[in-house]
Amino acid sequence: MKFAKQALLVTALAFAGSAFAQTPVTNAAINETEVLAAQKAWGDALVAISEANVQGGPTAAKALAEKVLDGAYGYNLGPVLFKPTLTQAPQTFRTTRAGALAYFVGGDANYPTDTGFALKGWKKVEISNAAILLAGNTATTMGNVSFTDKDGKVTVVDKTWEFKKDDAGRLRIVVHHSSLPFAAGK
Amino acid sequence: MKFAKQALLVTALAFAGSAFAQTPVTNAAINETEVLAAQKAWGDALVAISEANVQGGPTAAKALAEKVLDGAYGYNLGPVLFKPTLTQAPQTFRTTRAGALAYFVGGDANYPTDTGFALKGWKKVEISNAAILLAGNTATTMGNVSFTDKDGKVTVVDKTWEFKKDDAGRLRIVVHHSSLPFAAGK
Amino acid sequence: MKFAKQALLVTALAFAGSAFAQTPVTNAAINETEVLAAQKAWGDALVAISEANVQGGPTAAKALAEKVLDGAYGYNLGPVLFKPTLTQAPQTFRTTRAGALAYFVGGDANYPTDTGFALKGWKKVEISNAAILLAGNTATTMGNVSFTDKDGKVTVVDKTWEFKKDDAGRLRIVVHHSSLPFAAGK
Amino acid sequence: MKFAKQALLVTALAFAGSAFAQTPVTNAAINETEVLAAQKAWGDALVAISEANVQGGPTAAKALAEKVLDGAYGYNLGPVLFKPTLTQAPQTFRTTRAGALAYFVGGDANYPTDTGFALKGWKKVEISNAAILLAGNTATTMGNVSFTDKDGKVTVVDKTWEFKKDDAGRLRIVVHHSSLPFAAGK
């Protein structure tokens, strides 16, 4: 839970036709600014993991990915509803931290088809929201995310994120559904 | 549900050649500004009912009180947890609209001790919050409310309000606990 | 808002070392049973629209689809975050009721690529949740939905739904992201 | 956050016209059973503190009171909206843990009028709810609480509690307004 005004009532004032000196406001709700910041942080983190891979190899990339997962996702709160872009049955849904980590950086024998989405040399991530739903202490976005790699190739996905504000006031991804656009004729 | 921002994204984002022109944001959460406005509206309404009583008598006061109750309280959503300042057992809690109306304007044989709190000639209402809790699509306040009558006499009460934002984006009082300050030695 | 116990306090009882005769409980939260019922209703409705098309043609199908949309989705609350399985840019996201209706039954010149997903002769819909997140007055599910058509052909999609309980206690879909499974090598 | 079903997907099953073996459900919402249990725990704790005072004196009572406060109230989440029964201006509202502790066990020079509500030899606490509002991840109750002391004397108060389910799935009191019944003629 976040303190919009952290100052507490150091001095309790007698009511005297006026007001308390300071009114502490605790805010468990999520606003649009917080949502946009959390989305940007996700994109920046993906690029940073790609860069860590270039600079320090898979070990460095994995270490950063773990830090990102632990800070930005809600696996500490319970299973996360995560459908990554490129996963397949029977491992489509990555409700556990291990499954998410394997998707991002690969190298996990339990997820043999994972090659590491975050290792694909991403240079830029852009997010375009079709709509945002601020529901209270959760918020959901839907729209396109475009990934530009080191060769300038752009991949666009359809993406839904639901964020929850935790007790410490931090937004955590509790739902993440990503998919390649439907291609007619396939 | 209220649209916090219907404004367009005036700066077009160059997203893969096609940014969304507008991102609609639906906001079910309550912010501090909305809470303070709802509190002020409650105080203004009380003074207005007192004034309606002076100008038009009990019938006018009752008509306005019904309008206020239907607009500002959540009796349309279910029982309201309402403990008025001056009620007594066995009619302490006014979970129904009828019980609330009787408290504010009296004249209901089913509530024989009610004399009409809103008819006491109130001229001014001041609200001083000790703390505010924004919980998502509800928000709760606690603090003092002072009522000044036509003779300048001030009555101060301890008051808790919980507001809920309804589907139409309107804040409604779903909890209201009011009490006279404890007086030691009584 | 739903009344878990609709009985009101017909008679307010004096406190006498015991309890109130009846405690009304208003419940704005969503439980798992409600979620599963809403999912099943969605599947049943899709089959019903297909059947209406067989029995009464496109007009009957459209009439039923409108009724289903108005009862099961939250377009009355604001834009719905809806990414149907088979839509394409620039009409991927169907945040409006018109866009959703066109997707389900086609026949709208403004959505020229829509042929009517609900008209594909669906006979059976099965839902398998990978995980469920009950967040308060919203709930989100993620998993597979399989559609069996009149020839016994099965189509499986990855699907996320977020439901919101409205003021009347009805669950409404406010987020819906559906996608075909990723196929490696394509 | 509480896991209604903590079992995770040990084995991810391929979709085959059936279902996932286990669906983990994360539940951030509060139900009536949880509310009643939290209320009962509050009453039991008050009696336990009184008993600790008899058995071990003020030091033992204070130690237990601190444990109760830390487990049952939300001071770790931010200011609590707490208006105890017997406090007076300018210290009516106890939004800090220190203020709450002083109210329950006294002995704090910063709160000179506090004599320790929990030290009054309470033997029994009974709770009678006039209405309950389950709002999502918060829930609010209003009603009477009766306290019976060692001499059999009963004190009845009007009380409102708002509980919030924290990230660990524990209900915490975030709002608490208690007041003596209004006595006409005083």
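As written, the chain order gives the labels A, B, C and D, with residue 1 at the start of each chain.
Simple rule for what comes next: contacts are C-beta pairs under 8 Å (C-beta built on N, C-alpha and C of every residue); 3 or more make two chains touch, one makes a residue touch a chain.
Because the structure is a prediction, the values reported are computed rather than measured.
Participant: So which of B-D, A-D or B-C matches A-C, with over half of the contact pairs the same residue numbers?
Facilitator: The pair repeating the interface of A-C is B-D.
Participant: Farthest chain from chain A, going by the mean of C-alpha atoms per chain?
Facilitator: Chain B.
Participant: Could you give the separation in Å between the centres of chain A and chain D, each centre being the mean of its C-alpha atoms?
Facilitator: Computed from C-alpha means, the inter-chain centre distance equals 34 Å.
Participant: Measuring centre to centre with CA averages, how many angstrom lie between chain C and chain D?
Facilitator: 37
Participant: Residues of chain A that touch two or more other chains: which are they?
Facilitator: 9, 15, 24, 26, 28, 78-79, 89, 92-93, 95, 130-131, 133, 135-138, 143-144, 156, 164, in rising order.
Participant: Using the touch rule from the top, collect the residues of chain C that touch chain D in their complex.
Facilitator: Residues 4, 9, 15, 17-20, 23-32, 126, 128-138, 143-144, 146, 154, 156 of chain C touch chain D in their complex.
Participant: Which residues, counting only chain D, touch chain B once they are in their complex?
Facilitator: Spelled out, the residues of chain D in touch with chain B are 78-83, 85-89, 92-93, 95, 113, 130-131, 133, 135-138, 140-144, 156, 158, 160, 162, 164, 174-175, 177, 179-184, 186.
Participant: Could you list, by residue number, the parts of chain D that touch chain A in their complex?
Facilitator: Chain D reaches chain A through residues 1, 3, 8-9, 12-15, 24, 26, 28, 76-79, 89-93, 95-96, 136-137, 164, 166-167.
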